[in-house]
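Below you'll find the structures, each written out as structure tokens.
After this come two complexes, each holding subunit A, first together with subunit B and then together with subunit C.
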Partner chain A sequence: MTKTSFVIANLFRKRTRTILTLLSVIMAFVLFGLLQSVNSLFNAGADFVGATRLMTQARVSFTQPLPTGMVPKLEAVPGVERVAYSMWFGGVWQENTPLFVFAIDPLRYRDVYPEYVMPDEQWQTFAHTRTAMIAGKVLADQYGWKVGQKIPISSNIYPQKNGSKAWAFDLVGIFDGKDDAWRKQTNIAFIQSEYFDEANSFNLKGRTNFFILKLADSKQAQAVSKTIDAMFENSPDETKTQTEKDFNLGFVKQIGDIALIVHWILFAVFFTLLLVVGNTMAQSVRERVPELAVLKTLGFTDGSVLFFVLAEAFSLCLFGGLLGLVLATALGAMVEKGTGGQFVVRLDAGVWSIGILAIVLMSLAVGLLPGLRARRLRIVDALAGR
Partner chain B sequence: MFRQAFAISGIGIRSIPERWAPSLVIVIGLAGVVGVFTALLAMAVGFESTLKATGRSDAVIIMRGGSDEELNSAFDRDSTDVIKQEPGIATGADGKPLASAEMMVIAELLRRDDTKNGANITVRGVEPAAFALRPHLKIIAGRNFTPGLRELIVGSGVLRQFQGADIGQVVRMRGSNWTVVGEFESGDSHDSELWTDINVARSTFGRTGSSSVLAALEGPGGLAKLKAAIAAEPRLTVDVLREQDYFSGQTKQFREQIGFLAGLVTVIMALGAVFAALNSMYAAVAARGKEIATLRAIGFSGTPVLISVMIEALLLALAGGVLGALIAYVLFNNLSVSTLGQNFTQVVFNFKVTPQLVARGLVIAIVIGMIGGFLPALRAARAPVTTSLREQ
Partner chain C sequence: MSEAMVEIHNVTKVYERGKQKVEVLHGLTLNIPKGDFVALMGPSGSGKTTLLNLIGGLDKPTSGEVMVAGSRLDQLGGSQLAHWRAHNVGFVFQFYNLMPVLSAEGNVELPLLLTKLSSAQRKKNVAVALQIVGLSDRAKHKPKELSGGQEQRVAIARALVSDPQLLVCDEPTGDLDRSTADEILGLVQVLNREHGKTVVMVTHDPKAAEFARRTLHLEKGQLLEQAA
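Then we have the complex of A and B:
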């Protein structure tokens, strides 16, 4: 009998217990996987952006639009290469599904966000067709939009000149992200700010929620922010300028305490299950004390007895853990689909690697104490049942 | 038979300290399930009760058609005045319509524990009638703002969670200074707002109209009358909603999300706990195998054995459930938190661990205990006496 088959045989010595423990481990890791992906959602949104872009908004709140007439002043600030702007459109798809639609100046935006890739002729069509819209690949795929279609989108804020809030745009291009992180950021769509200015009935001309400033050098970020905010101080259009990363973080932080509380609650869950598994492991070793003594009598070293116990713990955790993570991945995909993309729970490579680390740590946590106990066993005492 | 069952249960329960570890697993496992379930739903209940408390059933909020939320809505000055003169609106003590044109804008304040990223806070510009329309709103410190001056009063929730808006402090908005002169409390979602005079807000934010009109109805027939009048008015495209319905509607998304999360987590955890309970009870039964066999040999029948094992599992599960609910209560009840509401601004609310939630948690614990106890109990009752007695 090899060592491997000995470990396996031991695992199935009490089949019910092994299966039940395995199921507990699986549940723990299903939860762990889901938690970790939700968690990475809260911490992400920031890592993929460089520090070469700044966001300028109205200091009071970004819901208060600023005049686009500020663009030349912003571009005159040393260190600023190019300025784009974007305005929240309040897009609504069909009945009630909010969409991220922004009104932008196409070519400025393209210069500031080279991470979004789209064929040049589509950019040109977008820039020169008044009713044009471009959509990110994720969004276009979700609703099955094709280039050339007329896409009906309502706004829950801006009516058209005729009083109707039902707008329609010609989809002239679909853009993608340059890498994996940016591909995830393509659940948005853009329309022409020039057309939006003309067509909305608010006479809201030349106003925008955000300016996005591309810097020549990220080291200048702080200096440029200060210069800009000082420039508009004490005017009705006071500004707040921060790096894109801080801006994104601030956005996520608005969800506030909830994220933190959910996080802690779910961690509590994981540790509860850890305890449960740990106890089972300990119990199984306790019951086998005489057997382990026999093994030692037969000449197995202390080390190899420790190895047997650890191997058992490890195979239980590894098998259960991997299965749990697989289930979590499937469940996450189901959740994402079932909620129409409202919850994005994706177990990506990052989550998986943390999961595998957790498996290793958990095996040690639950296996080490009983293992050391087995290693320390004195044959005479163990056989005598002391 | 029941006497037998109780006798065996007694022996079983008294021997729990002998095998405390597996018993503890059940208790802790269930404490986890019930604690998490209660805490998550206490959050949903707290959020819901804060918004549901906002708004009367005899008042309406009027917004531009299709806006859904106040933030998206806007009227010009003329429409605002037209709306206030429509029939169906109650008359105030001063003989004018009991209606308040309100303007909602957003300002950023820092959370108490933050130094960098501002959170969105509602700033509500109101007319004097706003206070008559919300009689439960009381100024609890300082004084009310003076119309025409750049003064603010701050909701007690804002004061608890955010910095920079204490009484006496100055808030910067659009290049001007606003002094906080008082604190108010309403026990509902207005506690998460800053209030000021609508006319001062209009001039500062460069607007002329309003976001919404809040109006009291003149009686049971008021709503129908007002709706009919507004529908017949070609100058207006607006939605008329009972104030209470508007605020209840705002809880839907949050309630669904938290409900979904709580459901998912509870199911997964409950499964984990069932497996753990099964494991522990099997171990308990195995440890007592000889004892149970002896009882069977001296004449006890199988059913009391089964019942006694079930009782033990249930008691342990219940103990875990109570522990979990207690932990949730101590850690979370009345915990004040804030999150982003439908209007894209912060809503401050308290967790509410209600008796109903605790009861539901305990029911879950009992169900898990039953499932976790049944199969091991069956095994114990059916184990052949002779084999069990021979086991060492």
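Then we have the complex of A and C:
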């Protein structure tokens, strides 16, 4: 037997209680790992490395539309090969199922996103049918849509000119992704921007939410971004040009202050955890006051007894915390793979460091008070049950 | 048996219970030579356990001198007392006080974690201690898998594994039937007679006291008589 095995044996004296406490520590650190890495992701600076496409939106927000008349100017920027544009439609399927539907210029979009694969004739039909719609395979499979069907979709944002929010589109094609990663991104649908422009009751003709710029050379991404934003500076339509990844994150940021949300969730999680683990430790020490007194009787010092209690708290938090962080790493990798690399939820060294610091602080917070109580125990009183 | 193991001189012990002060021992003086086996008897509240706690270094006197195994216990600090206990005294309690999460051998090994002995040496010492108390075949059993008598044997093995000069026993047979109690007391007697351990035992049981070399009677915190 060693002091370590003695600590572990004491930890598991009430197996069910310890396992339940461990599970709560694991869950808390899984949440911590995932949320903290999401937070890091949102707080990271712009990264243009390897970008083959850029997104240009209004500087204030992508909800403020830009004129499609900017297309020739954008295409004239050195390094830009082709420009597409996309307008958020905000479709709702049936009662209340939100869909990702965008109004686009079909052929420009095909040029900019060759990763979306669909027979040419379907692209052509899409381009030349005003009420046409194409859907990604994931979306079409999910709702059993077939080419030739009329798909009724309503929009919470854009009513038609007759005031009706109900729209109907002819499904003329179903596109797939060129590989696994892109196949996972086919949960969207596109409608014709020309038709949308004419049919919606808002005065949005010739305007779009954002441009997608296909670059001739990924090394020019940063330069192109700077050039475009400088070009429209001090104009009525100031722009913000960023990578697709940053654009997608910006999209999610519309929900609110992600950092604040993450911090409050983590505060709630760790506060609850402190109560749970703290109570377990306090109860565990309370239950074995006579045993702790016997340890002191045998010659263990007050400091050794404090050490044993702290070691138990530390073992519980360390094991649960590390397992939680490992699980969060695995889940993050699954999210990254599942979204085709669109959301990189990766537990970097920073997240791990904060996690380990949290483990140490939590161990002290939950172990110190019961430990000090054990340290203060007077042998004769404890043995007499006083 | 001339060299003293325990020398207590003019010791008083006062407990504070709230605002009330209770003097449990009043100027008590006592000598116990090395190799002696003393039974401490007396009614409840007479100060037997308090005296035993002072001898075992579990508590300190309010005044007076307590010299045990050559150390002035009344002058030692908390950590020094802990160190002294680890090397000089073995304890046997009425309710055994074994660690329920450890096996018999784990319980016996516990005091040895305070020494610098190697794991192999600790195992060897544990095996010897368990053999002395006749429980080698129960080494892997947890306390709840043992009878009361066996638990007390494990407690005795734990008390003697670090080879202390002094054994302090607080009602060691108080929770056992007559026949088991006699076995345990016989074992303590062997430890005294054959292994040279000095034994101080608190008991209410006159039959248990018969196993001692002499019996001391305490009443109201004072030593009454010394019977041969």
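Following the convention adopted for this analysis, the second predicted complex is superposed on the first by the 198 of 386 C-alpha atoms of A that agree within 3 Å, B and C clash if a C-alpha of one lies under 4 Å from a C-alpha of the other, contacts with A are read in each partner's own complex, and residues count from 1 in each chain.
Just so we're on the same page, a contact is a pair of C-beta atoms (placed from the backbone, for glycine too) under 8 Å apart; a residue touches a chain by one contact, two chains touch by 3 or more.
Please read these numbers as outputs of a predicted model, since none were measured by experiment.
*Asks:* Going by the touch definition up top, name the partner, subunit B or subunit C, that contacts more of subunit A.
*Replies:* Ranking subunit B and subunit C by residues of subunit A touched puts B first.
*Asks:* Considering only touches as defined above, state whether A:I188 meets subunit B (first), subunit C (second), both or neither.
*Replies:* After superposition on chain A, A:I188 lies in contact with neither partner.
*Asks:* Once chain A of both complexes is superposed, is A:L54 in touch with subunit B (first), subunit C (second), both, or neither?
*Replies:* A:L54: touches no partner chain.
*Asks:* Quick check on the superposed pair: does A:G163 touch subunit B, subunit C, both, or neither? Answer first, second, both or neither.
*Replies:* first
*Asks:* Output check: A:L74 vs subunit B and subunit C. Expected answer is one of first, second, both, neither. What do you get?
*Replies:* It touches nothing on subunit B or subunit C.
*Asks:* So, A:T297: does it touch subunit B (first), subunit C (second), both, or neither?
*Replies:* A:T297 sits against subunit C, while subunit B stays out of touch.
*Asks:* Identify the partner contact of A:A268: answer first if only subunit B is touched, second if only subunit C is, both if each is, neither if none is.
*Replies:* A:A268 contacts subunit B only, not subunit C.
*Asks:* Looking at the overlay, does A:V380 come into contact with subunit B only (first), subunit C only (second), both, or neither?
*Replies:* In the superposition, A:V380 contacts subunit C only.
*Asks:* For A:S24, decide between first (touching subunit B), second (touching subunit C), both and neither.
*Replies:* A:S24 contacts subunit B only, not subunit C.
*Asks:* Does any part of subunit A touch subunit B in one structure and subunit C in the other, and if so which residues?
*Replies:* Looking at subunit A, the two contact sets are disjoint.
*Asks:* Which bits of subunit C are touching subunit A when the two form their complex?
*Replies:* Residues 53, 56, 58-59, 78-79, 82-83, 85-87, 91, 93, 97, 99-102, 105-106, 109-111, 113-114, 119, 122, 158.
*Asks:* What does subunit B use to touch subunit A in their complex?
*Replies:* Residue list for subunit B touching subunit A: 21-22, 24-25, 28-29, 31-32, 35-36, 39-40, 43, 65-69, 71-72, 74, 105-108, 111, 114, 116-120, 172-175, 204-206, 237, 257, 260-261, 264-265, 268-269, 271-273, 275-276, 278-279, 282-283, 337-340, 344, 346.
*Asks:* Which of the residues in subunit A come into contact with subunit B in the complex?
*Replies:* Interface residues on the subunit A side: 16-17, 20-21, 23-24, 27-28, 30-31, 34, 58-61, 63-64, 90, 154, 156-157, 163, 165, 202, 233-238, 240, 246, 249-250, 253-258, 261-262, 265-266, 268-269, 272-273, 275-276, 279-280, 282-283, 335, 339, 342-343.
*Asks:* With touch defined as at the start, can you tell me which subunit A residues reach subunit C in the complex?
*Replies:* 1-3, 6, 9-10, 12-13, 290-291, 294-303, 379-380, 383
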